[in-house]
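One chain, chain A, appears in both complexes that follow, with chain B as partner in the first and chain C in the second.
== the complex of A and B ==
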């Protein structure tokens, strides 16, 4: 199979998932409103509590909203990415997966297409978060160019999470198990990261977990781009680490998908 | 020459034996029909040959072009040239017919896709940009699935109830497609309980209660249908049932 045909297979799988997503208006509304609620409710609430020099020192940002906005972007992507596997479970239940597999479509193109669709969804959602953050007064130190970099980081992080989700979903036969597993993963990941709270304010044991939490690797460069500016050391380091994980987890998703029972 | 051989194939699902010691040879380039009443195990046989999930834990062996394919997955079998058109075609919500057919095609050549649609009396101009979803009738989806079979140049094609949901006019087009597949040298296995479909075959097998109870020329198998399939004794019906036909 030529590379062009393979890319075309990835495109058709991704296109199908994306069009399916765009048809689900209630789901789109929910996924778009959720981060807005985080910013408007939690952001405003915590801004009141943190508006003093002592806590602002921990935040290393002009306000809690500026501190929190990158965290909300990553959280939104975390949910989008981790729920990419739901389409695998769904396609299997409807028999579509087996039908796809009995065509010349490349088997590896199926997980990759689904990851690509999740990345596009993640970027759409993050653009809405950015717009809401700007309306609420968050200033992006690196301007429009910084937003482009944010989207690159979001794409990398979403690829990692979607790959993990697909790798886990290949042998799951029902929705209930899938959702239970994803909820089990998302909550601890979210609350043991630096997305919502500064690592400096955490106890030692939690600091250690937050340091190794993959969410932190995505939040750090985003927060740098929003609140500090062009710190190229942080940006390059994060790009390298996330790119490595993208390759690793994409390979894992393809491996597990190929190995799975139909 | 045999392209596919099933040797002593037995399939048990949930402690119930669905296929009993099946021994069949399918010949290269021929059209075969597997016939029998509802519940005979015809579609299960097709799923077993295709290696679908839940149908791979078999006893016996499936030999394709001289190689045992028992342990191969659906896509591995598809790569060897085996494909299947389901009784109930999928709705690939989100894709247009063009996208679906291009995705199903090895060559990604739109002319081939147009020809396949035309051969099934579907005007490419009217259909290529339509969504492959609930706006299409069951018969239209069936024909599109058959078009995908025509373009993917498989060596062995399983057609499960190719006439279900198809109008009389389109049925002849489907039969033409079967003849086209045969002309190309493709081995075709028709899963059917329809006399009209059975007529398209060179050889036929009669199944009942998961067993092959007869095989041979289609004319011989058709006779069973004309006699309401009595010789197979309908093992899956209650004991108190007694055939009245012929008494």
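== the complex of A and C ==
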């Protein structure tokens, strides 16, 4: 098993998933519209509600829209990442996974390729969110260089979520179970994080949960880049923590995938 | 001829102590079409999945083209092409894309891959539809594409799991023709599973009958039929007289020349040398006991009769496992022809 073969394996597994993604027009439309709904509807509504000095002190941002934009980016990525496992369940049901496993394709390359495809999707979608946010008047304090960093954070976060999704999907045989499990994970994760609401406004117990919520780790650096500026301590810390989780969950995804029965 | 596959005491026990395959041993010769015949759930697919390194055997060994399946799975995987019963082609991609990705999974360089894809598309007569999405293909076209995928790396062995499951009779014959051509022209060894008697009979050089994870008998179709040792008389007793069957059998057994009598529900199968000479006596017994017959038949043995004789039940009555039935239904839904 040479390293060239391994890279080629990851590339073609990922390419296949991306080809599928690009052929799903309805899904692409939905991912285009979803952030617009979040930002335009909820963003505008909450901006009106929170346009007073008292609330803005909690938000630590020019408006709720500025505060919310990084949260929407992370949430969009969360869904895209957690969707990665769907492809494993489908491929297994249709026998395509078994067909792939009977070829010399590296076992580890299959989960890694699927994660890579999810990361590309996540970046496309976050770019759309950023574009929508800019059009709606959100100012990115760190400019274009900041957006580059945002995409790096998004890629790390998307890898974590996609790995978790794949690790969970390997022993699931039907779609209904998978979606139920994903719903069970996403909703509590989202609403106990700092994505939508400032931690400062939360009661003590919720604050504690939000502090340990993995979503918060992705939201904090993004929000810093959008609303405050180049705070390198926050950026380096987040990069380190997220990279550690990426390695951990990628390893977990590969481990569970290799162990699963064909 | 050399043995290209050698299997020794291969067993597979799934969690829950379901023993799907029990200590089977046999070998497949290079260049032959070898058929694995048995009802759903007999252990056919499990055996193929062990040979294709998808399942680890619980015990025993197998050599595929000289490589041991547990010790060097990587080497084994290059030796064979595997066409599962799932019609595992990618709906959302074109036929060409399916083949190209498959070539890349075998690390075939782009130039060579393109050449091979074009010649394979010609072989399975899909050149004109190569750029169309597989979604728009009929069941037979999908199967042909799947077989082409299995051939992309020029394997020595092709594993075909239920190659004609769910296909109409015309398409089935077409697939048989491709399989025979592959063996005749390319010299590829074919290992196929089937639960169709006619498929095994007309396609395979040698057949192994497998039931409940055990190989009951192995040989050429002709050998198996001659093992029965005669012709076959089949009597189908009317359901209302089903209680008289034991008595009739006792009387029949007293007749000379009869080699074997088996019953399967209302059906009595008698194997006898020169069966036509005892037909009159058989009918006399039926008449004396005033039994109504639904059907009487006298014929030279078919594989059906061989199967019944070696397994004690007929192949067609097998209901199959729930998962199997589910799989078949799912697949039929995917086929649009």
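A few notes on this one:
The criterion applied here is as follows: the second predicted complex is superposed on the first by the 262 of 262 C-alpha atoms of A that agree within 3 Å, B and C clash if a C-alpha of one lies under 4 Å from a C-alpha of the other, contacts with A are read in each partner's own complex, and residues count from 1 in each chain.
Methods note: contacts are C-beta pairs under 8 Å (C-beta built on N, C-alpha and C of every residue); 3 or more make two chains touch, one makes a residue touch a chain.
Nothing here was measured: the structure is a model prediction, and the numbers come from that model.
When both complexes are superposed on chain A, chain B and chain C clash. After overlaying the two complexes on the shared chain, residue contacts for A:101 are found with chain B and with chain C alike. Contacts of A:5 after superposition: both chain B and chain C are touched. Contacts of A:16 after superposition: both chain B and chain C are touched. None of the stretches 61-69, 241-249 or 277-285 of chain C clash with chain B in the superposition except 61-69. Where the contact sets of chain A with chain B and with chain C meet, they give residues 5, 8-9, 12, 15-16, 19-20, 23, 94-96, 98-99, 101-105, 261-262.
Put simply, chain B touches chain A in their complex at residues 50-53, 56, 73-75, 77-79, 82-84, 86, 90, 92-95, 99-100, 102-106, 108, 148, 152. Residues 49, 52-55, 74, 77-78, 80, 82, 84-90, 92-93, 97, 101-102, 104-107, 149, 330 of chain C are the ones that touch chain A when the two sit in their complex. Partner chain B is touched in their complex by these residues of chain A: 4-5, 8-9, 12-13, 15-20, 23, 92, 94-96, 98-99, 101-105, 107, 261-262. Of all the residues in chain A, the ones that touch chain C in their complex are 1, 5, 8-9, 12, 15-16, 19-20, 23-24, 93-96, 98-105, 261-262.
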